[in-house]
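In structure tokens below, several structures.
The two complexes that follow have subunit A in common; it is paired with subunit B in the first and with subunit C in the second.
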Partner chain A sequence: MSSHAAVTSGPPEAHHWDPQTAYSGAKLGMWLFLATEILLFGVLFTCFALYRWAFPAEFHEASGHLKISAGAINTAVLIFSSYLVALGVGAAQRGDNEKVKKMTLISVVCGLLFLVIKSYEYFGKFSEGLFPATHGADWVLYFPALVLGVFLLIAAALTAFAFAAFHYHEYSKFYKYLGGAIVVMVLFPFLVSPLADLLSSIIGSVATLPEHTHYAWRGDGLTQSYKMYFGLYYAMTGLHALHVILGMGILFWVYLLARRNRFSSEYFTPMEIGGLYWHLVDLIWIYLFPLLYLID
Partner chain B sequence: MAHDTHDDGIYLKILVALGVLTVITVLASSKAGFADFGTWSLAVAMIIASVKAGLVAVHFMHLKTERLDTWIYVIFPVVLLVLMMAGVFIDNPFRTGTGQPDPGVEVAAVEKHDNHGHH
Partner chain C sequence: MSAHAATAEGENYLNWQKGIWSWITSTDHKRIGLMYLFSLVTFFIIGGMAALVMRLELAQPGAQFLDPNQYNVMFTLHGAIMIFLFIVPGIPAVLGNFLLPLMIGAQDVAFPRLNLMSYYVYLLGAVMALIALLNPIDTGWTFYAPYSMQTATGVTLMTAAAFVLGFSSILTGLNFIVTVHKLRCPGMTWHRMPVFVWATYATAVIQTLATPVVGMTLVLLLVERYFGIGVFDPKLGGDPVLFEHLFWFYSHPVVYIMVLPAFGIVGEIIPVFSRKPLFGYHMVCYATLGIAVVGFLVWAHHMFVAGISDGSAMYFSIITFGVAIPTAIKVFNWVSTMYKGSISLTTPMLYAMAFVFLFMIAGTTGIYLATLAVDVFYHDTYFVVAHFHYTIQGGAVIGLIAGLHFWFPKITGKMYNEHVSKVAFLLVFVGFNLTFLPQFVLGMEGMPRRYFDYLPQFAPMHELSTIGAFINGFGYTFALVNLLWSWAFGKRKAEKNPYDSLSLEWKCDSPPIHLNFETVPTVDDYPYAYGTPVEGGGH
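Right after this comes the complex of A and B.
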């Protein structure tokens, strides 16, 4: 960063006052956050693939309950809004606040439309009796997912530390955290089964577990694994819907900034990093749609 | 502040490309029935999704004009994810003893066998 040389006096944090540094810092921060989001959804994808492998017939039948048309329309809605947001970023860079207002507002409406279609789908499934989990026994099936989540948090934290160290040019720390993250990711497949068993035996010693005290990827035939599909379906699409809601909030904030004519060729950071977040929401759905709706 | 003015025309092309790829991925799935890739349908769908994701990241998210450090931020989690998935998918077929049924073995048969073992 050449701008570092520009600020040579003042307190150590003085270089943060430089607008170019603030801009690239904010953008890198958003990319760092998006990196952790990729890992978060990536673990859910892996989890889904594992259970699909274990119960091909049941997952085939369960995924038949989803309407491809609803998923396809939602894909189109998100892709279109992503396009609008990309135009909005360009407009903000030119200081065209009017266009930013238009693009962000229509994108928020697109997000709303997505949620309406999604809730229509959810309520359709509810009326068929397909809930995330219906019987007390089902939550035992979630132990491996719980272990997965803990591993993810550790790996995500190590990744964040590695990024931070890299950003501050502390390369020995960077390698340490990077190595740690890789070790965690490599070890975890071999630990997830024993740890899930350990968890169920610990909980089993203080509470009465249902018949299948082994966490058991096997379930008891069709019905359990059927619910596993919908458990994962609700977890993945629900988490994604939360991201849509958050993204709508961010875009509406950008809209309010544009209403106050805040954007110019000198300052457009909120539109750009808000746009990055919205694109990620689109990107995750690009993978969710074929995985949940199309593959059997 | 020096920055690139992004061309709005390319965004429209990307939008059209994303739309076309969405139609292709629906038609190429075994459920739509136009083309059935059988066991490869997962791979086909994931490759198309990755092309779409790449278009969004490179053009809509401006990775095209980003510096190397931003690219590292993007590639690093993807590499971690590939490592993790590779580990899981290599390990998974050998898990028959700890609850995972053999591919091709009836779930019910594994259940029965285990129940006998416990009683």
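Right after this comes the complex of A and C.
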């Protein structure tokens, strides 16, 4: 920490701390963030515990619809990727950027595989009519695309703002990123509706939803608590899937850093905190799998 | 760090970079604090207007100029804006941001860019909330199920906005916790930290640990609203009381997010203007943490009449009484600090003393409400409204205003007009009590809260309350205009340390330079050792 020049270079965020404090600070920050994530999921676990206790028989029966094999494969995939990430952390600490690149990239592919298997399961449930909706309108089909779109918009705009903030001393770059943020926001409405159309046609063809009425639960004779099980199933696994996507993004960012040979035995913070996040994503699934799939 | 001494004469955080871009992209904690301040004041004015419209409608029985639906919209507007956009970010976002690094001798918070991002996340949430409120919402700010799932108003966008705002709150809290743990200057041990830092730290813990719960609960509400999974809907086998549990699990601790930092501010002001050491410094610090912990265990006292079991009602009642202990410790400490002190009645001190007085009323009436049998009667009457406003307006808002006056020289480098600010204080104090004391009486007489109309017997008290509200509003306007005027046109430059305070933020320039301190400061005592001559202490 010597002069104003040091402010604009060096590891990000670290300009006002020494490297050791920056490292331990980043780790503390990530552990706190993980605590908030556990509390976030804690609400869903609480609801699940309450209603499983209230309707044990229906929950047992409903969980029979899930494919244990698919869940088990997904568990293995995530544990394997966590192992790779752990290897990646070790590699980053030794400054082995080549290995970090390999480990993070394979982990991202594992995440993708997880999502593919999960989608296959989802569409299977949709075609059985185990698909929740009450308000009965076509737009329900747009909902996933809308959520995804809004999520992307916020992420893109914030990233651009963050970059702009980081480059406020370089006006040309600053305007580039700010312009990017504005373009994203303007284009957004035009991007979302084709995306939603595409997604709804995919869901429509796979799940063959009836066109005329509302898409309420179509499995006739299902009891309410049966539906509650599937509602919670979608909420918990859906939120988890969102975290898998986020974790993939973080690991990909680490990959890009490794490609620029950023890691050395002095600086490996991103790999380590990215790894922490990925382990949490894994850990939550390790609880979700027995809770949802292995009730019987 | 010594090379920062290159800072030019007269250069400070306000003028070291120029132009609007340098502000909206600044990662300087002091500039971010000011951006929060201007946003919050804007929302305070909007929320305050809604309150005045409400009070005007209630001045006389019967309909004046609103219909009942518009009235519902007004109080949701007032509640939602004041809670989500003003008082929850409140003191931590404004004064916490500005002062925390200064008080512990750091150059900035731990993650400056995350800090800027929190501000934009907050702004995004605020815009979403305002758009949602244009499409009127009639659920109140609590979004109780199952009504919030049936009403056709903009609940979706509003709950999404609350989620986004919560995210901003979490990031700020996380940032502050890491800052306090990692960036204290040499010699700044935990037991030498100013009480405001302790308070901000305790607040940050609550922000970080409580907010995710309400975030997820609101997401579940949305999922429920559109997919009917039935978790909160009794028609589908769910339990609406579960929503209340999850909601209050956050929304009770959030009261401490609002008021704990105000405790910290008062703890800073009183020793300075009494010229005495803060009485029982350690007790003040641990009482702060104690309130933060116990605050997590009392949420269901909002639900005594919602159909929870007798056993849990008794548990929550007893624990709620427990909160009174650390809170009372603080009151005793403040009063004992003033006892036999050499008190100077400056504006911040007046606000701080008003805070102690008002907060005692707030706390005592809280004990009434914690008592099960009494609460059955008082619940959903104006008694609760008055109690809540004594806590939040008499506590958090008065605390914020006290802090703004106290640190005004540090923030702006100018002194405000003391006479005008005392008149404003008088108006705020009288107006506030005139608004809410009658509401205690109304509540005891059985006037239900949230009602658009009332029986003629309640008219005199309502009329008084309305008059008080306008005096109160006028007082706030006066104080605000005075501060803005002094900043823009004030002639009196502030010294480094106009009050001879001992804490670290007064050791840097007024206003501070961009990186706060020319050299890394060191500390060898806690900042309340008044009563001995101050070495080199100004005048």
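Methods note: the second predicted complex is superposed on the first by the 188 of 296 C-alpha atoms of A that agree within 3 Å, B and C clash if a C-alpha of one lies under 4 Å from a C-alpha of the other, contacts with A are read in each partner's own complex, and residues count from 1 in each chain.
The definition used in the following text is that a residue touches a chain if its C-beta (ideal position, glycine included) is under 8 Å from a C-beta of that chain, and two chains touch if they have at least 3 such contacts.
Source: prediction; values computed, not measured.
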item: Which superposed partner A:294 touches (first subunit B, second subunit C, both, neither); value: first
item: Of subunit B and subunit C, the chain that contacts the larger number of subunit A residues; value: B
item: Contacts of A:228 with subunit B and subunit C, given as first, second, both or neither; value: second
item: Subunit B versus subunit C as contact partner of A:44, first or second or both or neither; value: second
item: First, second, both or neither for A:109, with subunit B first and subunit C second; value: neither
item: Touched partner set for A:266, first subunit B, second subunit C, both or neither; value: first
item: Touching partner for A:25 - first (subunit B), second (subunit C), both, neither; value: second
item: Touched partner set for A:117, first subunit B, second subunit C, both or neither; value: neither
item: First, second, both or neither for A:246, with subunit B first and subunit C second; value: neither
item: Partner chain in contact with A:86 - subunit B first, subunit C second, else both or neither; value: first
item: Overlap of subunit C and subunit B interfaces on subunit A (superposed complexes); value: 28, 32, 35-36, 39, 42-43, 46, 50, 54-55, 162, 166, 216, 225
item: Residues of subunit A defined as touching subunit B within the complex; value: 19-20, 23, 27-28, 31-32, 34-36, 38-39, 42-43, 45-46, 49-50, 53-55, 64, 68, 72, 75-76, 79-80, 82-83, 85-87, 89-90, 93-94, 155, 159, 162-163, 166-167, 181-182, 185-186, 188-190, 193-194, 197, 214-221, 225, 265-266, 275-276, 279, 282-283, 286-287, 289-291, 293-296
item: Subunit A-facing residues of subunit B, complex; value: 1, 3, 5-6, 8, 11-12, 14-15, 18-19, 22, 25-26, 29-32, 41-42, 45-46, 48-49, 52-53, 56-57, 59-62, 69-70, 72-74, 76-78, 80-81, 83-85, 87-92, 95, 98-101, 103, 107-108, 110-111, 114
item: Subunit C to subunit A touching residues, read off their complex; value: 1, 3-4, 6, 21-22, 25-27, 106-108, 110-113, 116-117, 120-121, 124, 170, 174-175, 177-178, 181-183, 208-209, 211-213, 215-217, 219-220, 223-224, 226-231, 236-239, 242, 246, 515
item: Subunit C-touching residues of subunit A, taken from the complex the two chains share; value: 1-4, 12-13, 16-17, 21, 24-25, 28-29, 32-33, 35-37, 39-44, 46-47, 50-51, 54-55, 132-135, 140, 143, 154, 158, 161-162, 164-166, 168, 171, 174, 216, 224-225, 227-228, 230-232, 234-235, 239
